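Comments concern the structure below.
Lettered A, B, C and D in written order, each chain numbered from 1.
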Amino acid sequence: MIKIIVSGFNGSMGQKVVKMINDSADMQLVGGFNPVINDLDPKSYGLPDDVKIFSKLEDINLKADIWIDFSIPSAVFDNTKFAIEKGIRPVIGTSGMSEEQTTILKKMADDKNLGGIIASNFGLSAVLMMKFAQTAAKYFKESEIIEKHHEDKIDAPSGTALNTARLIYEARGNDQIQHSSDDPMNTRGGDYHGTKIHALRLPGFVADEEVIFGGIGETLTISQSTTDRQSFMTGVKLAVHEVMGKNQLIVGLEKLI
Amino acid sequence: MIKIIVSGFNGSMGQKVVKMINDSADMQLVGGFNPVINDLDPKSYGLPDDVKIFSKLEDINLKADIWIDFSIPSAVFDNTKFAIEKGIRPVIGTSGMSEEQTTILKKMADDKNLGGIIASNFGLSAVLMMKFAQTAAKYFKESEIIEKHHEDKIDAPSGTALNTARLIYEARGNDQIQHSSDDPMNTRGGDYHGTKIHALRLPGFVADEEVIFGGIGETLTISQSTTDRQSFMTGVKLAVHEVMGKNQLIVGLEKLI
Amino acid sequence: MIKIIVSGFNGSMGQKVVKMINDSADMQLVGGFNPVINDLDPKSYGLPDDVKIFSKLEDINLKADIWIDFSIPSAVFDNTKFAIEKGIRPVIGTSGMSEEQTTILKKMADDKNLGGIIASNFGLSAVLMMKFAQTAAKYFKESEIIEKHHEDKIDAPSGTALNTARLIYEARGNDQIQHSSDDPMNTRGGDYHGTKIHALRLPGFVADEEVIFGGIGETLTISQSTTDRQSFMTGVKLAVHEVMGKNQLIVGLEKLI
Amino acid sequence: MIKIIVSGFNGSMGQKVVKMINDSADMQLVGGFNPVINDLDPKSYGLPDDVKIFSKLEDINLKADIWIDFSIPSAVFDNTKFAIEKGIRPVIGTSGMSEEQTTILKKMADDKNLGGIIASNFGLSAVLMMKFAQTAAKYFKESEIIEKHHEDKIDAPSGTALNTARLIYEARGNDQIQHSSDDPMNTRGGDYHGTKIHALRLPGFVADEEVIFGGIGETLTISQSTTDRQSFMTGVKLAVHEVMGKNQLIVGLEKLI
């Protein structure tokens, strides 16, 4: 039985994590953490009596296997440090850490031979899409990326689209061919080392992404569509199982696949 | 039997037109015109003996019902004027005429109660896509356009994409809502009165176009794909039949549908 | 101000309808009906004091403009009859009425010059898709339909897919060409007068539908995707406004578009 | 310089191969073979003087590195046997060999440490699609396949669709979950160990294939589209280069990727 503490247990993603744990025969929720709550009664959150609720890191005195964190950018570094020090394997979905912070945490965990993962995207379809794009990039010299999100997403392009372009560039080791273009309206998209990125913002979409590779007389398209953020839990569950058998901190779900 | 003269009969599109006529039980090729040829023997072009070949407009002395023109921008205005004067219904696929020239020709034909058509796109799937987009625009306030063409197409966006955006704007009568955006890489596409246009250029595509309409919890997508330019002949054939029963010059195949 | 009674006001769709009414400046919820409730206090349902709650048809003594019904198949006929008798325009989304019942209700409403609508699908994207398919069917002789739904949908094909095939057949007036086929695994789909229908059932989909028309060298695809059933409310809202100006009962949202 | 003999050099695919060789700086066409020709003059086929043309296997006395075969099912086994005996690496695109024949040829080549490949599909996009599907099958328990081909393709499903289903099944090691279904029209597709296959036949398509994987709240789609059979030459070229460094006969282009 894998014993789990959830940081941010009563937030939007945290509640999905708790549900995933309850639905998994080999996982047990042992603790919930959130620094901004006063009520420490598990029943107030619909949780069984034997789950301990904490609002201070220093009070956490449980033995646990896994620390799942979907909290907030300002807290995630200290949370993860705490977990590693206690020998609890971190599974971190909270975004916002600097590259430097990630490096520190990785060294800490690796020194203790402690498994763990920090990932910006736990969506399996997105992670596989990126992985496949890396391979396809070796065989197709030209590619473009289209991402489609709901109208309230302000930043463009999405992190996944940009990451995909970066992985394509790294796989190729050189810039993509540029075709001459007469484009007064700026319709040819954003450029990342020659791979064009196009971002759409429309109601009706949650989060879709596609990479198109073009060659003589053929195209190859890898696309993923998210219709419900519950999808992330499939990746979290996979990560929990995988890091139990690892002895270092991994950055990116694609490294586990 | 509909008697037809083809201007540009031995060019790439002209040859497709000749084939379409030969494959149609109710059409007959009576003449071919091209000002840059010397050889006026129909057999040199694989045509039957009773087809007359001309290299000068003034030599054309045939009675014909239809003048199909897939020639060159610099010649199309004079060709069409000639056809109308002779009472031959023009079916014009050659691009490059100014709005002023089109207006002059329309007045000439309308005054003579002569049917005819000038169209920039004879692809039925593209024309229907534009027509449907006009209707959908009344029910969906937000839309974006993606067009994908082969890597050698230099201009962006395509005429069809821009026309579609124009028709959407006219159907709505107002600019589309703008969402705030943080887009340092310019990935949000070209803007036509709020409708964003995205152009892709990759080998493997011939000419694809899609319009996406987004509303609360749903999207509607109208897309067309061209895999062979022979597709235009379906529209030319339709136009030939339709203009036989018209008594004015029509601009745009969508007006016949 | 359009005064509305909602039948099935506290069901899954009913609650969406109530929210839509509350979000609309020109609509007012005046009553809620459900025969299986005991509690008639509007506050128990989060509704304001001036909304009357009823559990018996005969108790409903309100003046109202519109009766929206998302209840159950066994009740909808009597509900609609009641509304028409009272001079309240019906907007019916509940499925399950026979053709005979629909005919009776239509006659009743038409005799009173009362506007109304009975529709199996209030999704605008689905309704427009069907409408466009009817037009495209006149220009393309061949088409196939693909529908994709969540894994729990037992019946196949979907009502929308079958309706689309029916509308295509009616628009053409004849069966679609059959190509000879060697298909031992039965992969060519279900057949409706020559138009093939393919049904997919996979987690991750809510309700998607696409119609593909194929011609020489080109395809035209009309597709719609539902990511949230809240989408139906756009169609219900449209219907409410439209039937206020009608004097007969309309069957099918496509007739209003 | 890689010296190549092309079997079926003047057929439809053979001519594409010859063009590919001529366009490649490191390849040289040294011979052409076709048992049904009488004219052995290379100029008759638009080939340079130093290319030898043969109509009998036993006459072929050239030193060559590669034997590319796009001929006919009844001849390919003997052709390949001949090539292996002569120490010429076979690159075989001709379909129609039995599993037994393939095994014999593989043993022959392997015993001589001779590189070579027999592949039913040289389309890189199709081969990558199959490869990615194998990986995705490990993470997604449910998938369906759609293939779309021109109306003249009689057999259904396509070899690529069936192969993809087989690879998915092998990757999972067990049958896919079956959902209960009420499907009187047979719209749920053909079944291969639980993975459903849907085949469309419409004008306008050349050869398209897509695999859809569904999970909770997300889908992953890998699709490939062929617009011109010239696309196969990218895979043939890759195969030529790869088998130069191999010492056994490989079955399936995916093994080289």
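Methods note: contacts are C-beta pairs under 8 Å (C-beta built on N, C-alpha and C of every residue); 3 or more make two chains touch, one makes a residue touch a chain.
Chains and their UniProt names: A, B, C, D = 4-hydroxy-tetrahydrodipicolinate reductase.
Every value quoted in this text rests on a predicted model; they were computed, and no experiment measured them.
The chain with its C-alpha centre at the largest distance from the centre of chain B is A.
Chain geometry summary: the mean Cα position of chain C and that of chain D are 48 Å apart. The geometric centre of chain A is 38 Å away from that of chain C, both derived from CA atoms. Between the CA-based centres of chain B and chain C the separation comes to 38 Å, rounded to the whole angstrom.
Residue positions of chain D touching 2 or more other chains: 204-205, 213, 215-219, 225, 227, 231. If the chains shown are joined wherever they touch, the resulting network links each chain directly to all the rest.
By the touch criterion stated above, chain D contacts chain B in their complex at residues 204-206, 225, 227, 231.
Looking at the complex, you find that chain C touches chain D at residues 142-144, 146, 148, 151-152, 154-157, 161, 179-183, 185-192, 196-205, 212-219. Contact residues on chain C toward chain B in their complex (touch as defined above): 123-125, 128-129, 131-132, 135-136, 139-140, 213, 215-231, 233-234, 238, 257.
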